[in-house]
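Below are two complexes that have chain A in common, paired first with chain B and then with chain C.
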Partner chain A sequence: MSYQLENTQRGEKYNTIFSKVSPAKRRNRTARAHWRSRLLLGLYLALMILPIYWLINMSLQTNSEILGSMTLWPQNLTFDNYIGIFTDSSWYMGYVNSMLYVAMNMLITISVALPAAYAFSRYTFIGDKHLFFWLLTNLMAPPAVFLLPYFQLYYSVGLFDTHIAVALAHCLFNIPLAIWILEGFMSSVPKEIDETAYIDGYSFPRFFVKIFIPMIRSGIGVTLFFLFMFSWVELLLARTLTATDAQPIGMIMTRTSTASGIDWGTLAAAGVLTIIPGILVVYFVRNHIAKGFALGRT
Partner chain B sequence: MNKVYNNRAWLLVLPMLILVAFSAIIPLMTVVNYSVQDVLGPNASFFTGTEWFKTMLNDEALQAAFLRQISFSLIILAIQIPLGIGIALIMPKRGWQASAVLILITLPLLIPWNVVGSIWQIFTRGDIGLMGWGLRELGIEYNITRNAGDAWVTIILMDVWHWTPLVAMLCYSGLRSIPEAYYQAARIDRASKWAIFRYIQLPKLTNVLVIAVLLRFMHSFMIYAEPFVLTGGGPGSATTFLSQSLTTMAVGQQDLGPSAAFSLIYFLVILLVSWVFYTTIMNMQKDKPPHGGA
Partner chain C sequence: MQKHYNKSRLTKFKLTTLAAGLLLASGTLSAQEEDTRAIAERLVDEHFQNSTLSREEQIEELMWFAKAAEPFRGMDIQTVAEGLTTHVYESEVLAEAFSELTGINLTHNIIGEGDVVDTMQNQMQSGNSIYDGFVNDTDSIGTHIRYGTTINLTEAMENEWADYTLPTLDLDDFIGLQYGTGPDGSLYQLPTQQFANLYWFRHDWFQREDLQEQFREIYGYDLGVPTNWTAYQDIAEFFSEHVGEIDGTKVYGHMDYGRRDPSLGWRFHDSWLSMAGMGSPGVPSGNPVDDWGIRVNEDSQPVGASVSRGGATNSPASVFAMQKAVDWLRDFAPPEAQGMTFGEAGPVPAQGHIAQQIFWYTAFTADMTDPAVAVTDDEGNPLWRMAPSPTGPYWEEGMKVGYQDVGAWTFFDSTPEDRRTAAWLFGQFTVSKTVSLEKLMHGLTPIRESDIFSEQMTEMAPKLGGLVEFYRSPNESNWTPTGTNVPDYPRMAPLWWQNLAPVMSGEVTPQEGLDKLAADMDSTMNRLARANVFDSYAPVLNEEQDPQFWLDQEGAPKAKLDNEMPQGTTVPYDEMMEAWMAAGTRQE
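So, the complex of A and B:
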């Protein structure tokens, strides 16, 4: 590169012609700025982790220790709270239920959102802009507004207290979100690729699955993360549409509060367990998140 | 990109349309139907016209809840957006540290909303929670069930804790998309850090910031489970937000007519504000020269 002048011979990558600050001083400055930002980030992460640490801490204590004296870490380490959850089917079925409807929702959403997003990114058709805005309005619809009608609708079609009911209900906000994100990714793929594929004799379905989907892998990764996240954490609709068979873990947790007081240890352990599936999902899509919305428009 | 005019594209949209219609249009029609009726029983209802809308618009408790809601949303936007950008700027860019920070930072987002409420309820309790205990040791009187100010501080703190990661995550991926050449050019011009932020990073972030602001606004407007678990809307009605008022009215008291009318007003307000946000930001982007933002 032309702006690296005489210093390149000494392995220095900046010019000294225009800069009054010596390279050594400048290196020092950037190093200090670097450590300052690391320190700030560390501070933020530490503060952010504190409530979660407290939850883990409580989950490893007995109730008498939690309510007794203030201890910053478990004095009598116990795993009884976790064992209790894993041996009681009414508890662990809550996790199974949650995971089932989240998985169903991700599957349904992504399979209808992919073709729809493709249509929005490649074609104009009658009413496309209105349709897109209407989709966004569903993202804005407060679930509280739909509680009662949902209950009646799903009850009348015999879907009440099934996993599919919750999965379908979560489509209300997940499909629009998925289309919004995917459309951004798809628009950044040059159209020439579609055309070349057609010239080469690919049919639309084959082109879509073999060529197009691999090209927007990151986009699909990010989308799946968001679908998982919003379906996993939503409880207002999930609670209203289930009674016993498909109850999410978040609702089962309310059982820890009984007439004899709250079972803090079990509550905390159950809370810790709700975080774990999320960590797994983030781990698998972390590289995609980093690239993430980079490609997305709005 | 030049799009081709093709009405067969409707075929690709159709499955999505059927699903969304099932979960959006049919329920919404039920809401509209209820809002103009007085429902006394399964087969007994009569037409009331716009009476429920008038009652709801003049209800002082709801007006108060609405003001609370607006102030809450504005406060958290004012804190979370700058904080999120700041965090994104200092996050490591590559290597294992980047992955580790990314995973850590998303943790609060992956906790079910009522569990978030429970965590903070425990965390702020004076007898068993670290924060409540710490404040008490420092001699600060802090009680979220009695003092409305404390309850507000806690709810804002909780929301910032819970949702700033989303803003940070979006901004981080926005920052990653800036080509290295821009920074090199800035280095040659000896641009200050502030100039780099103002003229390179911020314009490149507009796209993700639109998503962040819209998502945060919409979600903060629908906040329900967290304050409900944390304080139950109390003390008094100091932290009762719109969703909670609505749920109490519809599910708790079974006031179908009034709550349906309230739902529609609530929905229209969110729609209107989000639409104003959306079009203003879109127009701002349109005014810029093509190489600026998009």
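So, the complex of A and C:
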């Protein structure tokens, strides 16, 4: 406080020397600038939040209100859209299915990618760089080209319409991504740490779990975030590989669009519920996100 | 002796056991039958009180299902349909009732229409069974008869399904059977739901004397149900430009949509061009040219869509129809309509500021009769009416008047026979007389004549704005889905919206858009023919020649008329209804 006061006082002194603006006016101006930036920030946040607000607003309205006049908040508040989703097993099972295969996919991918990324970051072997690059190119192929081969393959081995089928199909895209992200984090950990651990008598598994993984936990958190995002919103593979037992929520949402119009209310409610898992994941990895976007390459 | 005694004792024991077993078995059987009867009775009392059958007949029909399904008891099967009120009812009420009655664990999945088509295509192409039964629009009949993987229902009912076909199915009672029938007369798809597109207008506004007078003053004839496109255009102009406002609200004389979206294609290939008179007379399929403009030869083989090959997709009648679609959307519809899709534009007339719509789906009836909407009076009676759509200058007697969407049960040979048969039982259950009237009252999509003529529908009629009258008229059969001329619906439908979206937005002229569309359709048919994917009726394209050659001949494609906008004509609604009903009523 005293420091600030001093600064202000000094500022005023300088102002009286160099500026024609009186200290009172200047204080006003600072306050105005302060308000202006708050206003802009508020406006920015309002604009950012508006679509989500609109979605929530729609999800609490009846279809006739949505299609009638534009209302800023529900005139006839209704929870029917949510009740409909939570009481109809074919609706809520869509969420359960999606969460199941996303969780499976995250688990499989991370347990495959961790050792693979470690190998890329610690060992040199013939063609290692090429292999690493080749893995990345897998991400460039559009999922659509894999649709029919995947369908045929999973069908012939009896995995069609199972959660594991979708989880495995997503691995094709998620494993290279995960290896790439994790490799960056692992490479930033000095090799000397591995060596020190061996000298201290750590076995490799113990070292990996007790020392190494905690050092790259930001990387793992962020990797899981990306895996979730890809798997949660991916619809093309998921709907081709499933029918009834494992169909994703995105597929079920398509039933709101019919020849007698769109069931806007239910669609909005389903949309709101679809955002929630994403928000939860972001909340849990929020501290790692900044580091994650640097991908460990500091 | 001992041995003999033992033997006789053994025999006696065996006989006793057998007798006891038989007694027990018959006891179990009759107990089982009693259980089933109890279930059937409860289902009828709880869910299916409205039926054209007596309660006892309903129970008998349900008992037949339970008995026929015995070999499949405990089986898990899955069927699929798009999200319409009717199918939701089938999925929530009928599937559950069927499972309870038969012991077959059935899931009737509801997904988007596009997904149903994709999944079906996936099953057809890969030969792997995804669903055991599909409810698929009969627009795909041309696809089903050609690929050879769809079950021929007529043949199956005579052979492998002879014991599994409901004795009281009564095929003659169905109203849309012709749409699922191939050129060989065999049934491929069994209707379970249907709705039509009709003209829709604000009856209350049309009845207002001040508006009637004003209209007569400007146009020289009476404001009424338009019978040609000139009158439709005049009425659209009248409300948009001359009336302008009613009760302080801006009103429009036309509603349509123009967004680049698959639903844009429906409007045009379903009916728009044929309402203008592009095709040949004949229902359900115009012969030789049908409502997509595809010409077929005597053997039902497609020979071309372009005028240069004898088709009519880019004929003068089509160009006229497209030009009107563009002009009316621009001049008489609300400005936001240009950016809307079918689903967004559909509910707009219910908001109360649209005077008429040339092409309105009866699937919206239930939403439009909701007492909360602006187009019903205080008692919930509709202020609007539906009537046949006006026809264009190229239209002639005997041609289709509009579109009918018929969702029908479809089965594929890639589904294992037992599963397919179990699904066939459910399919029949959803259309059986025990449940069909109750289903009609929920979804307003009739499939049986006996239901349409039921007392219950007579009672509902005043609330439905003409729906019941429409279906009671024998003229209803002039509303038809896509016919057998289209060889591969899923592959060809996207060509329509992709080529016609730029026409609707004014980037290219109707002639340019339609020329491109016709050329694309020809090349797609040619490619499919070369790939040798069809089992029967494969396309054999005509050689290209000067379009004038075809235009000079009788019938479609028709040469350009000197006057495409003759004097507008209208009829009063009540008179039209009388004439409509005087066409005779359907035989009950």
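Heads up, the rule we're going with is that the second predicted complex is superposed on the first by the 248 of 298 C-alpha atoms of A that agree within 3 Å, B and C clash if a C-alpha of one lies under 4 Å from a C-alpha of the other, contacts with A are read in each partner's own complex, and residues count from 1 in each chain.
Definition applied: a residue touches a chain if its C-beta (ideal position, glycine included) is under 8 Å from a C-beta of that chain, and two chains touch if they have at least 3 such contacts.
Predicted, not measured: the structure shown is a model, and the values here were computed from it.
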Practice task
Examine A:Ser90 and indicate which partner it touches, taking first as chain B and second as chain C; both and neither are also allowed.
Solution key: second
Practice task
For A:Ile108, select first, second, both or neither according to whether it touches chain B, chain C, the two together, or no partner.
Solution key: first
Exercise for the section: Report for A:Phe160: first if it touches chain B alone, second if chain C alone, otherwise both or neither. Expected result: second
Practice task
Could you tell me if A:Arg27 is touching chain B, chain C, both of them or neither one (first, second, both, neither)?
Solution key: neither
Practice task
Could you say whether A:Ala243 touches chain B, chain C, both of them, or neither, answering first, second, both or neither?
Solution key: second
Exercise for the section: Answer with first, second, both or neither: which of chain B and chain C does A:Ser37 touch in the superposed model? Expected result: first
Exercise for the section: Could you say whether A:Ile52 touches chain B, chain C, both of them, or neither, answering first, second, both or neither? Expected result: first
Practice task
Could you tell me if A:Ser64 is touching chain B, chain C, both of them or neither one (first, second, both, neither)?
Solution key: second
Exercise for the section: Scan A:Arg255 for contacts with chain B and chain C and give back first, second, both or neither. Expected result: second
Exercise for the section: Quick one: name whichever of chain B and chain C touches more residues of chain A. Expected result: B
Problem - Doubly contacted chain A residues - partners chain C and chain B - result: 67, 148, 152, 240, 254
Handout entry: Touching residues on chain C, where the partner in the complex is chain A
Key = 78, 80, 82-85, 91, 107, 109-115, 118-119, 122, 125-126, 128, 130-131, 195, 343-344, 346-348, 350-351, 361, 363-364, 366-367, 370, 372-374, 405
Handout entry: Interfacial residue positions of chain B with respect to chain A in the complex
Key = 1-10, 12-13, 15-17, 19-20, 22-24, 26-28, 30-31, 34, 87, 89-92, 98-99, 101-115, 118-120, 122-123, 127-131, 133, 161, 165, 169-170, 172-174, 176-177, 187-188, 190, 193, 207-208, 210-211, 218, 221-222, 224-225, 242-243, 246-247, 250-251, 256, 259-260, 263-264, 266-267, 270-271, 274, 278, 281-282, 285, 294
Practice task
Within their complex, state which residues of chain A touch chain B.
Solution key: 3, 14-15, 18-19, 33, 37-38, 40-41, 44-45, 48-52, 54-55, 58, 66-67, 70, 72, 108, 111-113, 115-116, 118-126, 128, 131, 135-150, 152-153, 168-169, 171-172, 175-176, 179-180, 187, 191, 229, 232-236, 240, 248-250, 253-254, 264, 267-268, 271, 274-275, 277-279, 281-283, 286-287, 289-298
Fill in the blank from the handout: chain A residues touching chain C in their complex are 63-64, 67-68, 90, 148, 151-152, 155, 160-161, 239-240, 243-244, 247, 251-252, 254-263
